[in-house]
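Chain nomenclature is as follows: A, B and C, assigned in order of appearance, with residue numbering initiated at 1 for each chain independently.
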Amino acid sequence: MKHLPEDPMIRELVRAQLSRRALLRGAGGVGVAAALAACGTGGGTAATASKPKPAVKDRSASDKIVRWANWPAYLDYDEKSKKYPTLEQFQQKTGIKASYAEDVDDNDSYYGKVQGQLKNGQDIGKDVIVLTDWMAGRMVRQGYVQKLDKANIPNATNLNPALQDVDFDKGRNYSLTWQSGYAGLAYRKDKVGRELKTISDLWAPDLKGKVVVLSEFRDTVGLLMMEQGVDISANFSEDDFNKGLDELQKQVDSGQIRQVKGNSYLEDLRSGNAIAAIGWSGDILLARFEEEDDNYTFTLPESGGTLWSDNLMVPIASPHKKNAETLMNYYYDPTVAATVAAYVNYICPVDGAKAAMEKIDPSLVDSPLIFPTEADLAKVKGFRTLSPDEETTYSEAFQKVIGN
Amino acid sequence: MTVAAGIGLGERQAGAGAPPPAVTERRSRRKLTPYLLLVPGMAWLAIFFIAPIVTLLSTSTQTRPEGAEIGVFTQTFRFANYLDALEGYGPEFGRSFLYALLATVLALAISYPLAYAIAFKAGRWRNLLLVLVVAPFFVSFLLRTVAWKQILADDAWVADLLRALSVIGPQTHIINSAPAVVIGITYNFLPFMILPIYASLERVDPRLMEAAGDLYSSALTTFRKVTIPLSMPGIVAGTLLTFIPAAGDYVNSALLGNKDTTMVGNVIDSRFLRVVDYPTAAVLSVTLMASILVLVGFYIRRAGTEELV
Amino acid sequence: MSRASKGTAQGQVDGGRDLRIGNVTKRFGSFVAVDDLSLTVPSGSFFALLGPSGCGKTTTLRMVAGLEEPSEGSILIGDQDVTFAKPYRRPVNTVFQSYALFPHLDIFENVAFGLRRRGSKEVKKQVDDALELVELGGFAKRKPAQLSGGQQQRVALARAIVNNPAVLLLDEPLGALDLKLRRQMQIELKRIQTEVGLTFVHVTHDQEEAMTMADTIAVMNNGRIEQLGNPEELYESPTTTFVANFLGQSNLIRSSVTGTSGTDVQLEVHGGRLAMPQSRRNGATDDLLIGVRPEKIRISPTGQDANAEQNELLGGVVTDASFTGVSTQYLVRMPWGQELMVFAQNVGVGGVLAPGTQVDLRWDPAHTFALDGSLDAGAGVQRDEGATPVPVG
């Protein structure tokens, strides 16, 4: 995000498109037609999804390339050379040519785009993709990603123990964490005029119409459920979910929550349309950095925040799995991981990166949003993996509440 | 194409000085040639229009079996899907057509005088003005809409001004409202309205207006009885080019609206991408398409453009 | 605006509704299109404004129609000053050169257009009558694009006539038609004008068209009227070289007055002696251009047909002879170098005189006209019609 145009207006616009998670929902729309067409070819009529079994030979040895699809502004970037320094270094070290594309701007849209091909066991033209926990879970469950050969990723042992045994990928056979982040209270301290500590603080009368929330139900409803004392990582019931949703409905209907359309909460926060939000940690750090305004505040609610991670995976039918594994291994080197973390400002999943950070940027060593404290980690929970039925039901109910 | 041309050539050779049977064969081949020329176009249509439509129709009557994986549906010919969707999303349909209609009327009101001025009054500025009309197209649709978000924001000058003039209350916002959505749609489709109207006005012979004046028409009557009827093809084309995409639009509602401005396009988007409920998305798409088709059919018949030469 | 009077039945002549143009000048920037023009078109007449393109005739017409405003002067129809009246407030209708039929309306509605605007009663009958008049009775439901050029022209005429205007303006109405159709329409237009009795003001650059149809012709040049009169007057007694050359062809020969004898003027032409009636002399000075029409001259081989009563020019040589059937057109080079044109009717025997033949030219003194010698002898020559310019010796 350090390579934005000078003109403030244009910058605002570009930023609106680039911001890692505050992406416009509309952008996903392009995928609708493509996905609609694709769903026809997949023969989505079978009641049980038969997992694709493509006959793909790994050509990594002869074909020294790796194709990586990631989210925008999610890798260290050098303004002057217009290159990604760590990726350059990877190419020099391994002789594998990496083509990097900021192709993923939304979990759902990306799934919509590639699902048809994956279902047929076709190469989607990517060897590494990065998706959030719940979507990664769906990919693993549906057999759309390849099993990793840990022998090729010795550095995988550097993965933070807390992330090693996730419910959607027991033993991390199919995925490795790229970065993590929190959802919690985000606000502009000067405009609010006080500190916000709990989710209920958002419902203060003077914030009416000035509150925005995320359109990811796991984060927004998740935080509301935690406020209600539900452990979102445990086996909660549909009632628990609905109670959280009811609270959301109440606040939306009363006009307390200004609007949850699209994923533009950060923009609303920046433009002043909203002054408090349920938002993501990285976005707020980014806003603080870019606006040079320390009033952008992120805090975990007293009842706790949600923790999410994005995960590196190798899609089915990728003929360069070994190259992909080499890439993962490289980014699990603590120094490389610290270099990336210093740029992207998200929670670094690699043990040893904190020590490496001393040499790269000592000022970030104590940033709790990159290297979380034990206390913080105790306060956050990951949303448990939902069954397909639950996911469909909850998603639909949430979309209805936010007016879609 | 090559095939058709080849047949045409061979047939000519056979036809030269050929006995009667060959002549009849030649005739039948000649009849065939135009159809052969249609093949590429028809194939295109079959692959990129008919096949998706069939898929869409088929998807619309599928259901998701209990406990099945996300994105898995079975064909159960459940036509009640349509009833469910119409029952559940009636207001969204109504809104889509209302906003599209309002935006079309607004766009027409803005475009006609502008197109008229460019066609008849602009002189040497004409080309520059036309370029300016098209210029917004060089910017992405999304960015243009996002720009409106900035313009209509709570602390931007438009809202400040309206508040200062007491047109809106201190707590009212313009952004995230139905008017903002209609403004956005109007703006985004304005060139689609201006250009066809301009094109048809530009072809109007100014001498016809002189003739109308000569035949006792005041400027206003001339406009009503000659200029408007002669620009009808442009008006019809412009309103269709605005209304049809506007009715299916979802970007403006997503960026400039609120939860009470949801249009069908937004529901399709969310059913398709967020909920992965393809049947409902397909039902809504089919219904939207069919209702637009019916509306447009009535409109064209009413406007009577087929009579215009 | 007396709308009531306009509803009168077709064919009635509105007697007191002369068109009077008084000292009208029209400037476009520094260009003077119409220069202090005055003329009166009597009600019920067929009046032609004739002149080459750019002479100001169309501008004059447009000022009468109200499509241009005069820079100076006044335009009256009857007692009504319409100088600055809007077009739709004038009892004037125009048949446009391009016809300007409304493509979105059928023929009936095109013709009914003016009537409907004025809220006329009995539209159907009037339109049917008008279409009948132009012999397009069965075409009411067609669109203009489905008609031929000649039929469109008639519709344009019917659309104007049906309003029974005080003045009907026709702007080169036959310009777009082919020659044969144009001839037909000339006769047709004249018939219609006689039948309905309206005042027709017809703008044309075609002298033959003007002479065929008009009662009175105003020949215009450079924004002014050169001469006004009936076709015969203009042809037989042009008062300027422009008119002499623009209407038909003339042989113009430099001469000087040597005296008078009775009602005749005695002239000297390159050594020869000629006479002409004093009444046909224009130009007060002794330096004159005398004119004679080519068809008035008789041509004969040198030494034959001598006749003292006739004007004689001797010693010519035939340089060109074109046989056209009805007549033979000769070019004869005179001793002083000028080529004169002679049209000889093929009435007798003896055949065509071959180029190189020595000839004498003779004509009746009464057929001679004289113009001011200071005028440009080449003015008004219509080069585009292939006529050889007549050099003056």
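One rule holds in what follows: contacts are C-beta pairs under 8 Å (C-beta built on N, C-alpha and C of every residue); 3 or more make two chains touch, one makes a residue touch a chain.
Please read these numbers as outputs of a predicted model, since none were measured by experiment.
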{"item": "Least step count from chain B to chain C, where 1 means the two chains touch", "value": "1"}
{"item": "Of all other chains, the one whose Cα centre sits farthest from chain C", "value": "A"}
{"item": "Core chain by centroid distance, with centroids computed from Cα atoms only", "value": "B"}
{"item": "Separation of chain B from chain C, taking each centre as the mean of its C-alpha atoms, in whole Å", "value": "57"}
{"item": "Distance between the centres, which are taken as Cα means, of chain B and chain A, whole angstrom", "value": "36"}
{"item": "Between chain C and chain A, distance of the C-alpha-averaged centres to the nearest whole Å", "value": "90"}
{"item": "List of chain B residues in touch with chain C within their complex", "value": "205, 207-208, 210-218, 221, 225-226, 229-230, 232, 308-309"}
{"item": "Chain B to chain A touching residues, read off their complex", "value": "51-52, 55-56, 58-59, 62, 64-75, 142-143, 145-147, 149-150, 153-156, 171, 173, 175-176, 250-251, 253-255, 257-262, 266-278, 281-282, 285"}
{"item": "Touching residues (chain side chain A, partner chain B) in the complex", "value": "9, 12-13, 16-17, 24-29, 31-32, 35-37, 39-40, 44-49, 106, 108-109, 111-112, 115, 119, 138, 141-142, 209, 252, 258-262, 264, 267, 271-273, 387-389, 391-392, 395-396, 399, 402-404"}
{"item": "Chain B-facing residues of chain C, complex", "value": "65-67, 86-88, 92-94, 96, 98, 100-105, 113-114, 117-118, 143, 145, 159, 163"}
